[in-house]
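The following block contains the structure, expressed as structure tokens.
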Amino acid sequence: MDKVIASRTKGLTDVPFHYCPGCAHGIVHRLVAEVLEELEIMEKTIGVAPVGCSVFAYNYFNMDMQQAPHGRAPAVATGIKRVHPHSVVFTYQGDGDLAAIGTAEIVHAAARGENITVIFINNTTYGMTGGQSAPTTLLGQKTKTTPLGRDKEVNGYPIRVAEMLSTLEGAAYIARTAVFDPPHVNKTKKAITKAFNTQLKGLGFSMVEVLANCPTNWNMTPLDSLEWLKENMVPYYPLGEFKVSEEVDRNAS
Amino acid sequence: MDKVIASRTKGLTDVPFHYCPGCAHGIVHRLVAEVLEELEIMEKTIGVAPVGCSVFAYNYFNMDMQQAPHGRAPAVATGIKRVHPHSVVFTYQGDGDLAAIGTAEIVHAAARGENITVIFINNTTYGMTGGQSAPTTLLGQKTKTTPLGRDKEVNGYPIRVAEMLSTLEGAAYIARTAVFDPPHVNKTKKAITKAFNTQLKGLGFSMVEVLANCPTNWNMTPLDSLEWLKENMVPYYPLGEFKVSEEVDRNAS
Amino acid sequence: MHHEIIIAGFGGQGILFAGQLLTHAGMVEGKHVSWIPSYGPEMRGGTANCSVVISDRGISSPIVTEPTILMAFNGPSLEKFENRIKPEGFIFYNSSIIKRDPQNPKASSYGVPVNEMAEGLGNSKVANMVMLGALIEITKIVSPETLLLSLEKALGRRKKNMLSLNEEALKAGREYAVQRLK
Amino acid sequence: MHHEIIIAGFGGQGILFAGQLLTHAGMVEGKHVSWIPSYGPEMRGGTANCSVVISDRGISSPIVTEPTILMAFNGPSLEKFENRIKPEGFIFYNSSIIKRDPQNPKASSYGVPVNEMAEGLGNSKVANMVMLGALIEITKIVSPETLLLSLEKALGRRKKNMLSLNEEALKAGREYAVQRLK
Amino acid sequence: MIKITIHRERCKGCSLCIPFCPKGILKTSETLNSSGYHPVFVVRPEDCTGCAACAKMCPDLAIEIVREE
Amino acid sequence: MIKITIHRERCKGCSLCIPFCPKGILKTSETLNSSGYHPVFVVRPEDCTGCAACAKMCPDLAIEIVREE
Amino acid sequence: MPKELMDGNRAMAEAAVRAGCRYFFGYPITPQSEIPEYLSLRLPQVGGVYLQAESEVSAINMVYGAAGAGARVLTASSSPGISLMSEGISYIAAAELPCVIINVMRGGPGLGNIAPAQGDYNQAVRGIGHGDFNLIVLAPNSVQEMADYTILAFELADKYRNPVMILVDGLLGQMMEPVEFKEEPPKQFPKPWATTGAKDRPRNIINTLFIEPEELERLNLKLQEKYEQIKQEECRCENYLTEDAEIIVAAFGSCSRIAKAAVEEARELGIKAGLCRPITLWPFPEESVRKAAQKAKACLTAEMNAGQMVFDVRMALKDRIPVHHYGRMGGAVPTPGEILAQIKKIEVQING
Amino acid sequence: MPKELMDGNRAMAEAAVRAGCRYFFGYPITPQSEIPEYLSLRLPQVGGVYLQAESEVSAINMVYGAAGAGARVLTASSSPGISLMSEGISYIAAAELPCVIINVMRGGPGLGNIAPAQGDYNQAVRGIGHGDFNLIVLAPNSVQEMADYTILAFELADKYRNPVMILVDGLLGQMMEPVEFKEEPPKQFPKPWATTGAKDRPRNIINTLFIEPEELERLNLKLQEKYEQIKQEECRCENYLTEDAEIIVAAFGSCSRIAKAAVEEARELGIKAGLCRPITLWPFPEESVRKAAQKAKACLTAEMNAGQMVFDVRMALKDRIPVHHYGRMGGAVPTPGEILAQIKKIEVQING
């Protein structure tokens, strides 16, 4: 019998992504979809994608989906989850979305221990609107609205979301990963699996922050962008698990 | 010559407070006003009070004041401070205001290292609107909207704001104090002084979280409320300095 | 029968509760009723008043501008409302605090030392009930039995001991009215 | 003189820039001008087009529905716009990619192998300039000198070396027009 | 000598000052002020040390203390 | 035997797969697909070990790998 | 059911529960806090969820999520809080999700005060949020109606897949009157479009993004068609003593109670006054207004604002007769006497 | 100054700088992002501050603070972002603070799309935020006007202590046309009320809370008086070929450009058409509209929405003549030909 090593996951529809060549959104979409397929929970999963390059996620994830206002996915997900507590609810959010306009929503979803899973794509910029600075833009990084590089005197410091949310008791699983090479892609998938398992066990809020590239707005080739990510983002945004509630690890897959 | 040991500060107008008997808002108002008077900065200070029992603060603080929409004082203060960078700008906010509706504003003011001072009155409830639950309401605590006590399964966990904001690089000085006895009132005043000095030195964002009572909505006598504060709030909200940027301490008063 | 009542005093004097009780009793007796509160921004202290309408006919406007009955629990309340009373109206005032007679010659005025009487019963909080007792005795706006029923319902099971105290206060008010005001 | 121009192609083919250049040159020559971009939601790829009006008289509507000139850089663009051209209009199309003749008999059509020509000059990005060269040679809508001036201004000081490449491309386009299209 | 004044009309009778006085010389008045509160007064002013513990706890700035020299 | 397929029409020519192939058998095509991208192809399919490093990096799910047994 | 004495806020809350609403997301604000306070105790008793959101922005988006998931869901706020919901309400309308939003208006603009006012009429009927959409807006004027129209609100919301706003003010919210809850079970509507998990059916998508103008125009045309239908079918208005009326007083909500008393007093003075009370503010009952004014020589709108509904009344009457406005603002409540004085003034004008 | 070729967004941004605006607080959103992008480079060059806020809610409150502190300050957004500013705008109006808000409208409701639309007219002129207040709303229709009216906007804001909105759409925002900046220095107004630190003067308070209804009513009366004055003094409208026109086309903003072409084409066909273009949408230039329609037998409004300004036109014309509406929605832009077809249809109706 033939063994499939890599193939399209049923967690995604057949619609080709609209993302730019080499954009990590595609990689992470695939990982999330694979995890949902492998955990056999697609039929009870409802995804929420607010505004950002991934706003069209409802075209791609092969399950019930709600598109949400910019930044409000955690609130929308909360509404869904409270109505269907036995469903699996996830949000897929960018850094502008989650760490800027949606700050209150993400902090409070975590504080409430809202039993949802958040996939957080940190690419240090507002991809969809053409590359303005984000709360996660690194110091010195040039963007459309920090044309001379981010200056801490004017724009302040990048926010480390995973660390911040880890101070909240309601947060059951918080990790930061990156997708700059295959081993880290594997680790990202593991973290996503753990996050969904956290939800399946009813332990509370789970989030995976994925360091990602935006070759288009960084003005780089896709490969250069992965290199830049590794060399500049990882030092400021250390990878790892920041919060793992005891029960998550207990017989976690 | 006579020596005044205690008297009305010039930092306050003559208008009697509208606060309930025994409410800590009065104590903290006095401390802030005294510090501003002692630092001789009243004439360049602009205060911002958003909505909460202290919304009438503009009647009390004897200096330029702006009343602000609920939760938005840090944004309003940012607007003022950017226009007058050499002025001293402070906000005076409750826990509903700062830790609920104003979460994004406070997190980003801190992340930006906005050079303002925040006085944060944590009394675990929405005083002004009649005692509904706040993000800082303790587990099990009864309020108008947690009639059977706060349940972590439904409402999640209280937020420790000082700890959360301390993860942000822009935060230069973050402390938590309480006003349940004279020594702690003294400590609170010291912390407030340090916070304003942080601003005067241009070091960035400073905040003093003051654990306070709300005898009216807690349904207690003022004295019982202080006891309750000490026994229930302090264990969950430990007192102390959470962040002190090096330069704050260097020749701080 | 159509009565428009204003009950007014300091916050904390049980003003709003007294009004609700009266309204409820009116409803139980088959009347059309309405109750509207009004208070300042302070959580404690400050002033409070409520407007009650009890009527045989449907109530168009629940707003009371010219009351047929005023119950004034403190001086400022009497001053604010005494001249708005409809001709042939009633003024009940707290003579424990208000040391002058009402100025409106067209209304019948009744002073009741409700604070002292309530304290006499052991709890200053039932001053409002004393006043209600006097009111219903004089105006017969609702029967004492209905009012007691409403009181029972409002206090609920948990506050049985409060019930008897309130009952006593009502009674004291009625007796005072019978003996001193009629 | 009144021209309404649509320039259309893939995102990334320099469509919008070519239009801006033309518009600017028109302005410099004292004409009334307007430029409107239009693009899809994709940051990369997808389609892009712009509408340019260059006219002796004031421009009421900057919207171009029936262009006098179409510059089509890929097949879909030709298909979309070729039948909207005003009678006696012009179609310039990228014959490197578009392998058929335009279908509109009322318009004069000019195929220019701009990709090949640009690659011949060493940089596929100047295909848009080749096309512009052909355009101005045939239609005289602006003079080559003004266009160069506009190009210089647009590229700014930093891109001096880009300037000569673009200049060459313009020239190549004009020459191609002179030799092959007239 | 210490001169302590408790402003009867400003005091809201909250009692926060009372237990913190090391001399135990603060007491609630039986009478009401014009706002309807029972204000606090100093029982034995001459015992006051001027430690200001009371003033620190007072939310309504009702207490003034002067050391007369 | 490993069977690797790179879907020419799905590939956006981003090159993310190329450097991670331990066998160095991935290469960009000279020709364009219908979306205007230069897709990647496998130079020596027989050398492919099926390690799937390429597929893991591919954002567009253009790579399928099957072990035929 | 025996009558209960209840305030309007609690009556709406209880009615919501009886209408089958099991989810409330909101944020405290005076003068509507009795609603969340009541529901925080009541909803868990019936297996529902009361959740206090971190803000009104969050609350309306929780509503969006829950409505999309197929639930009957309620939120309530007062003026400034409703403003914060503008974006979310526009999304809910665009996604055609049913939900009920209560606005217990207070004095504005800005923080204003907590006294009753009707300054949000324009916002509710035509300006809240961006883009072309309409809320169904109901304006009860008694505690009984507040209960009844809350139930109706949930039914209309589901029937038309449209957000419904109940527009009242602090006077109604805090006034107590007898109320009777009907025993009939609430009407239910199937929701095959809801995101409940795509088991044994094609997946469902809740979405408001239509990148192609043609597509978005199609949504808009569909919405406009729906609104046209609602205009045809759902206008509600109470006309009182209007048959022979020479002066029509138009008023809604709490102000209509006061206006009614004024009209009655005018009748006692022999002035032929009548009351026209729009109950649906959107759709605005133009026909009924015209009918009320059939014999009228003048109209007076009485509102607790600077003159907002007067605009719709003028449109309805097409300036056939003069339409005057009497308004109080900032939480000031007019008295029957004030309105009567206006009626008298107009009477003099029209009858010399 | 020589003319420059500039898009409308950048022209407004540059004009703001020239008007003395030194502070911009905003949040990115298409199709207005050229404004923040331009100002993020430009403002620091002139000693100003560009600050990207964490949201539109924050942005408008930073504007509130800066305006209260006495600065000329600007924010810009597009439809959904403007909705989020509703509460803040109500506060700014209540506190009588001057500021300029640009709305570069896009297709709605909900997330909609990024194509040009005019669906926020109602919101801008009467429904944004709670309570009775008005923005001054300017609707330029060319890049030159976008520059000129931006300067005017700052002057009007300061003169009346009122927020001013510039209402345009993505078409105008991204269209390039020649623009000339005038050399005159902008008018300045003293701001003795600003919170600048109470040195050598009594302290200043910026406030919107008036707990007593009487006080809040006084503020409201003051605001209404101011609005009346603005209505008297600031109406602006362009009438084109209207003197003898039998058919008036009313349109604003980008749509008025298209309508103008249609009117010109109609004239070529011998149809007596004219264009009436309100430039101030609030105050609505009723007089000018009436004047434009003096000889008209019919009116047509052309809008990129479901029919919003048509309401004001009908009010202005008091239904003397039929007022038709032609609208495209969801980002669809009408062509001159479409509008011409409508004109022709009406021509047939009125002249048989």
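Labels for the chains are A, B, C, D, E, F, G and H, by order of writing; each one numbers its residues from 1.
Simple rule for what comes next: a residue touches a chain if its C-beta (ideal position, glycine included) is under 8 Å from a C-beta of that chain, and two chains touch if they have at least 3 such contacts.
In this text the structure is predicted, and so the values were computed from the model without any measurement.
K.L.:
List every chain that touches both chain C and chain D.
P.N.:
Both chain C and chain D are touched by no common chain, going by the contact rule given at the top.
K.L.:
Report back the single chain whose CA centre is most distant from the CA centre of chain B.
P.N.:
Farthest chain from chain B, going by C-alpha centroids: D.
K.L.:
Report the inter-centroid distance (CA atoms only) between chain A and chain G in whole Å.
P.N.:
40
K.L.:
For chain C and chain G, let me know how many angstrom lie between their CA-based centres, rounded off.
P.N.:
34
K.L.:
How many angstrom between the C-alpha centroids of chain C and chain A?
P.N.:
Here the centre of chain C sits 62 Å away from the centre of chain A.
K.L.:
Give, as an integer number of Å, the spacing between the C-alpha centres of chain F and chain B.
P.N.:
59
K.L.:
Two or more other chains touching the same residue: where does that happen in chain D?
P.N.:
41, 45
K.L.:
Could you check chain G for residues that touch two or more other chains and list them?
P.N.:
As it turns out, chain G has residues touching two or more other chains at 49, 51, 54-55, 57, 80, 87, 91, 111, 114, 208-209, 211, 333.
K.L.:
Sort out for me which residues of chain A touch chain H in the complex.
P.N.:
Going by the criterion above, the answer is residues 51, 55, 67, 69-71, 96, 100-101, 103, 126, 128-130, 132-133, 135, 144-148, 154-155.
K.L.:
Residues of chain C touching chain G in their complex?
P.N.:
20, 23-24, 27, 32-37, 41, 59-63, 65
K.L.:
Inside the complex, what are the residues of chain G that reach chain C?
P.N.:
By the definition above, chain G touches chain C via 3, 5, 114, 171, 174-178, 257-258, 260-262, 264, 333, 335-337.
K.L.:
For the complex, give me every residue of chain A touching chain B.
P.N.:
Interface residues on the chain A side: 100-104, 107-108, 111-114, 135, 152, 155-160, 163-164, 167-170.
K.L.:
Looking at the complex, which residues from chain G come into contact with chain A?
P.N.:
23, 25, 49, 51, 53-55, 57-59, 61-71, 73, 87-88, 91, 195-199, 203-209
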